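Below you'll find the structures, each written out as structure tokens.
Both complexes below contain chain A, partnered by chain B and then by chain C.
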Partner chain A sequence: MTETLDLIPLAPDEVTLGVNEPAWLADLRRAGLSVYRGQGLPTVRVEAWKYTSLAGLRKIDHVRDDGTLGLSDWGGRGALDLPDAHTVTLVNGRPVGVPDALPVGVRVASLAHLLETEPDLLTPYLGRGADLSDTPMGALNAALMADGLVVLVAPGVALDRPLHMISVTEAPDHARHIHPRHLVVLGAGADATLVESRVTAPGAAPTLTNMVTDMVVGERARLRHLSLANGGAEAVDLGLTTVTVGAEAAYDAFTLTLGGRLVRHEGCVRLAGAGAETRLRGAYGVREAQHVDTTLRVDHAVADTTSDQVFKGVVDAGGRGVFQGKTLVRRDAQRSDGGQLHKALVLSRDAEVYTKPELEIYADDVKCGHGATVGELDADQLFYLMARGITEADARALLVEAFLDDVVEAVPEGALRDAFLDAVRAWQARRHAVTWQA
Partner chain B sequence: MALLEITDLHAALEDGGKPILKGVSLTIRPGEVHAVMGPNGAGKSTLSNVIAGRPGFVVTGGSVTYDGQDLLALDADARARAGVFLAFQYPVEIPGVATATFLKTAINARRKAAGEPEIEALEFLKRMKANAKALGVVEDMLKRPVNVGFSGGEKKRAEVLQMAMLEPRLCLLDETDSGLDIDALRVVADGVNALRGPDRGMLVITHYQRLLDYIVPDVVHVLVDGRIVKSGDKALALDLEAHGYAQFAGAAA
Partner chain C sequence: MVATQETVERIAEATGRYKYGFITDIDSDKAPKGLNEDIVRFISAKKDEPDWLLEWRLKAYRHWLTMREPSWAKLGYPPIDYQDAYYYAAPKSPEDAPKSLDEVDPELLRTYEKLGIPLREQEMLAGVAVDAVFDSVSVATTYKKKLEDMGVIFCPISEAVQRYPELVQRYLGSVVPYSDNFFATLNSAVFTDGSFVYVPKGLRCPMELSTYFRINERNTGQFERTLIIADEGSYVSYLEGCTAPQRDENQLHAAVVELVTMDDAEIKYSTVQNWYPGDENGKGGIYNFVTKRGACRGRDSKIMWTQVETGSAITWKYPSCILQGDNSVGEFYSVAITNNAQQADTGTKMIHIGKNTRSRVISKGIAAGRADQTYRGLVRMMPKAEGARNYTQCDSLLIGDRCGAHTVPYIETRNPTAQVEHEATTSRISDDQLFYCLQRGIPQEDAVTLIVNGFCKEVLQTLPMEFAVEAQKLVGVSLEGSVG
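For the complex of A and B:
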């Protein structure tokens, strides 16, 4: 059955997917559906979606993914290469197997499975991250979520190696919409590194992924969250991540977006305890009809909290980059420190960049700032490199990598950083191939 | 065959078309060192930039042949791979690109063009260390991004270090002596002299006769207002030091 995304032809009762779902979940789904029905697919008339149009989705008949597809023989193309990580692969949001050899106190499981067997475990967290009325797509996810990954790290436990979550989109037959729902909870004093690769199986039909990830970082805990969005040329990848950071805890994110036709990452980080910190770093590369939107919102809910957003975009011919950063400092959040920076490197005249910084400050003793720049490659630097015999293509690639250098530094040195740099280089090599053909 | 043959070269700024070089001719044979002196704004850097292929200038007349081939037909990177090296008057800082990565990429670009395999990591390190030591470049500088945070003199030493690593056939040194202290001048001149050889040619731009005490030129040219107004042996440099450029005011007009 196909359904247009404007009119989900379901009665509220039909939304409940699992037979034995607890009442709170049914309520959550109903609330989500009612918000989505009220607001519909966001349009550019909605302030938060001013620069990102989903109109193209209406032209495609999507079917809701039924969760039956397995992993095709796709060979890992586009995912980060992290042989030493704990790895879990998801197909259309559904984990296929879970890693063994996890340390005691770390649980990695399928959301669907936990909802069936231990729903009480999820009650305190699921759907508590964001106000649904602010986010119609998040509301739609609440209504339709079927599965996803749950990661629970017990208090004081450190995950020994990164957990690599490879999300593969499979759509061999026709366009699909999928609504993965992930949950990551770190107990007090816990420590973990979560790495995500999001890729599309070769030859997949256009697919809408409408993902929501809720994260809770307990007191004194530390979560590093690194992700690569590397979807296929037709992929529409919408993601909402909500993070609650407890006292003296830290949430450090790095997001690299290189693939997908239309990608929007919405990050909402709430610094909920004194001494909470977040560093949000990211880079994106867009070209040829790609559109990448990064929309961040950091909420300094209490005093003595720190945030820092630095995003860099490389925008080539036909690409569009959007950065909307908001820092909210509530009345009691004295001594908050919040920074925001977006820098775009434009490689072609035919490229577009939109930046919207927002500071909303109600406390008086705060240190907050924002900055944005749009620049081109430096002609003197390019000539200097070429005057040493480096080809123009290689010189440009070196300068692009140099431009991204200080955000990529947010990725821990070693195998992790190498894997991300490899992804950047592969992206650059594709440009050379294109340029060379032209 | 001449290594570099410049014939009646005319060049103008691309932006606005202001003529800078107004008919320069000179020939450098393998093994020769030519010095170019002249007042500020005469066109010395423009001459070296046009030879190296810097964008922003248009050649409006004349020719430049290098080893028998039309140099002006090549892009800057191809000229460099063919063995032309410009030591910049103002070396460019490139944050985010490590000096060692940059040097290795440059060496391998040349090797690739010559159909040779990439340089071995160990050989590269060995050569870099040896050259750095000879030129008084401290290792800490090599770990930094290209030219970033280098003092004026350090940048000039780094230029000569790059030259030594890339082993060009034609070296264009644009005021490599400016910014160097007295001891460094000696060290850098020794570095340049070490590269002198029967196969290599050099064009040394300088304002100071002192450099030419160390790097003794075969020919000295005086460039005034885009023209070579006089050429001679190294005694010409002493003469300029004593009498300045006023004597050529008429010649330039």
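For the complex of A and C:
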């Protein structure tokens, strides 16, 4: 018999996966389980999930991934092409080998391995990022997490090349649910670039990925976090990223979402030290029964902190885009600077966009604002290009690329940006094919 | 199986619905405390209402019993005991009213003075006994006569139920159904009075309709119901409330306003709300839960809401427009000021259904002291809203570091040709502006008033002239004690 998501796991004892897990981890799992049991799978009646329904998940019998699958011959399809990066591949959240030739002071390891050998190393970080009580899916992850990637960068160390994490989900036989847990810790003054590609192996049955990533950026450290969600047509990809940014430190993120049936990227960034800053950029392209939800929360916990969110979406026939962004400025977090912008381009009928940009401000000496627009391609611009002999399809593709340009520009120039631009163009090419066939 | 008499009694006891039997003495001035079906029947009987209205009230009441008080707004207040309130009280007799202004709270009079309200109106507002304001009554009667000759119906809704039952029956609850929300449903069950306006086809109502002229039914109580219908090609401007602080012994207010515009018709609805905000800790202030909604049913019709909200301890209010007719227009202009411990959660909903519908939302929120303020708005473009447009701007101004300003907009687009733009900012009074004023010898408090008035200018300008002048002064009065 298969377990439905509402009923898993069956008993508290079954939650503990490791044999000799430390007490703090067992507590974390129990707390997660009790929250998930209390709230269950979020429904659209829950404010934070108002525009994203998980009801479809109930119709599928998922089994819990048992962590035994090896890497299939998936051919790298859909992932970013970054030959020069340190690369680590994960199958259903489990690292398959770790990169060698890492600089001294950088450690990349499997979570399961560290929990078994050096659990004390993880005690100060794991599960400290988010309050489980308002994230039932995060709570479920805490209860069920089995493996993931741990990246530790020692104080003052700079990672020479980007670390490319390729997460492949596989389900050759039966629909699976997977709960990867990653942890990235940068010591004071460290510097690193982390790139993620999330893809699905061809021919996979429906998968539900419920990922949580905890990140800690130490004082004066700098973390660039770039990711591409490019899952298969039946992939459900839920991700919660919690980031704590220390004094004078910076966390810069870029998220590109192109694939997957239902993708929800939830980011919680806490600016915890004076001078901390974060720039969150992202773009998404959705079509044909795809649903992409970006939910961000930036918490200006102390004074003199800066945040800036810019997200752009292109929504084509049958697609649905959701953007929920919240900027919270706490009492006495004076001189906070918070910007937020969401722009959506609607390409055709039956496309839907839902935007909820939120400000919650408790300090007066702040500069906070947000902007949001939704509309179609500018007819004048299209006419201008077509009058110069460019076909309508090419003109549209050009304008879409131009629309996304100022967010993709957030990616450092060179191989990285090229890889992301290639992904955008591949997505556009698929639309061409669709248009032509129709 | 036949239920025993004992069971029947036990159920009756448990549900409490029929505790007082069907007959309540309708000659009494006050219904007993609490809410049950008998109170609803009592109110209806007092007003000699037709059966359909009583049925409607009862349907609302029964539905209300199944509802839960909403908790999503960013408001904090102790739970309201709905059984610990009176739902009907006859208007006070003139003997109870103060005989002259000398008997009125001097604090209140000082505020009137600051607002520049004429003496006669001061007497009226303070509720001085009728003969003192006799002139106003006759003025009101004269205007009413004139309006009636032109075909405009402007009367208490209880009177309209008697005189124009078919109009009331057709439109009452057609914009805000009895099952709409917790507070609107409560209002549907127990509303006591309110205004009814009908403007006939093609008529431009020659004067602003104001609650000032309704002094004989001023005491409409806490559950006011207003219904305004503008027939094809007509226009009406309606003013509600006044700038002067109004005291009311009832803490809970739950009003419903419904507007309907037919082809080419326009309604301009302006509100100045200055109910008692409570003391410095918000104690004793009015809880104001209002449902206001307009339906632009006809082509090229327009509804414009303007509100200046400075009073009440709690404000929960979202004047909305349902833009059904093609090319119809909805506008919402709002200034909300919260000081001390006041809380306001206010905004609008613009539902675009028809083609080429347009909406514009300008909201200015000012929070001072320990007050919290939230703009909560929805813009929804339905699949058939071809070429629809919306522009929203909400700005918040914070005065002091103990207050809060929040913005929660919802933007839903389901049509590719619809365009939506939303902008929001949060800031405080700039030091430069303040310095500039102080340097020129303008005292700090006046300078703040000046700057805040500038901040709200776009909204205040949309008010009818006399109202606008008073509203500007009101801004200053509301912010008293917030600086220095």
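Everything below uses one rule, namely that the second predicted complex is superposed on the first by the 436 of 438 C-alpha atoms of A that agree within 3 Å, B and C clash if a C-alpha of one lies under 4 Å from a C-alpha of the other, contacts with A are read in each partner's own complex, and residues count from 1 in each chain.
The working rule: contacts are C-beta pairs under 8 Å (C-beta built on N, C-alpha and C of every residue); 3 or more make two chains touch, one makes a residue touch a chain.
The model shown is predicted, which means the values in this text are computed figures rather than measured ones.
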{"item": "Room on chain A for both chain B and chain C (clash or fit)", "value": "fit"}
{"item": "Chain A residues touched - chain C or chain B, whichever exceeds", "value": "C"}
{"item": "Touching partner for A:Asp406 - first (chain B), second (chain C), both, neither", "value": "first"}
{"item": "Where the C-alpha centre of chain A sits as vertex, the angle toward chain B and chain C in the overlay (nearest 10 degrees)", "value": "80"}
{"item": "First, second, both or neither for A:Glu352, with chain B first and chain C second", "value": "second"}
{"item": "First (chain B), second (chain C), both or neither touched by A:Val374", "value": "second"}
{"item": "Contacts of A:Ile361 with chain B and chain C, given as first, second, both or neither", "value": "second"}
{"item": "Touching partner for A:Ala395 - first (chain B), second (chain C), both, neither", "value": "first"}
{"item": "First, second, both or neither for A:Ala387, with chain B first and chain C second", "value": "first"}
{"item": "Overlay on shared chain A, then closest C-alpha pair between chain B and chain C (Å)", "value": "14"}
{"item": "Chain B and chain C contact sites that coincide on chain A, given as residue numbers", "value": "none"}
{"item": "Touching residues on chain C, where the partner in the complex is chain A", "value": "72, 381, 383, 396, 398-428"}
{"item": "In the complex with chain B, residue positions of chain A that touch it", "value": "378-381, 383-392, 394-395, 398-399, 401-406"}
{"item": "Residue ranges of chain B touching chain A (in the complex, touch as defined)", "value": "52-55, 75-77, 80-81, 85-86, 88, 91-92, 94-97, 101-102, 105-106, 109-110, 113, 145-146, 162, 166"}
{"item": "List of chain A residues in touch with chain C within their complex", "value": "47, 331-332, 334, 344, 346-349, 351-376"}
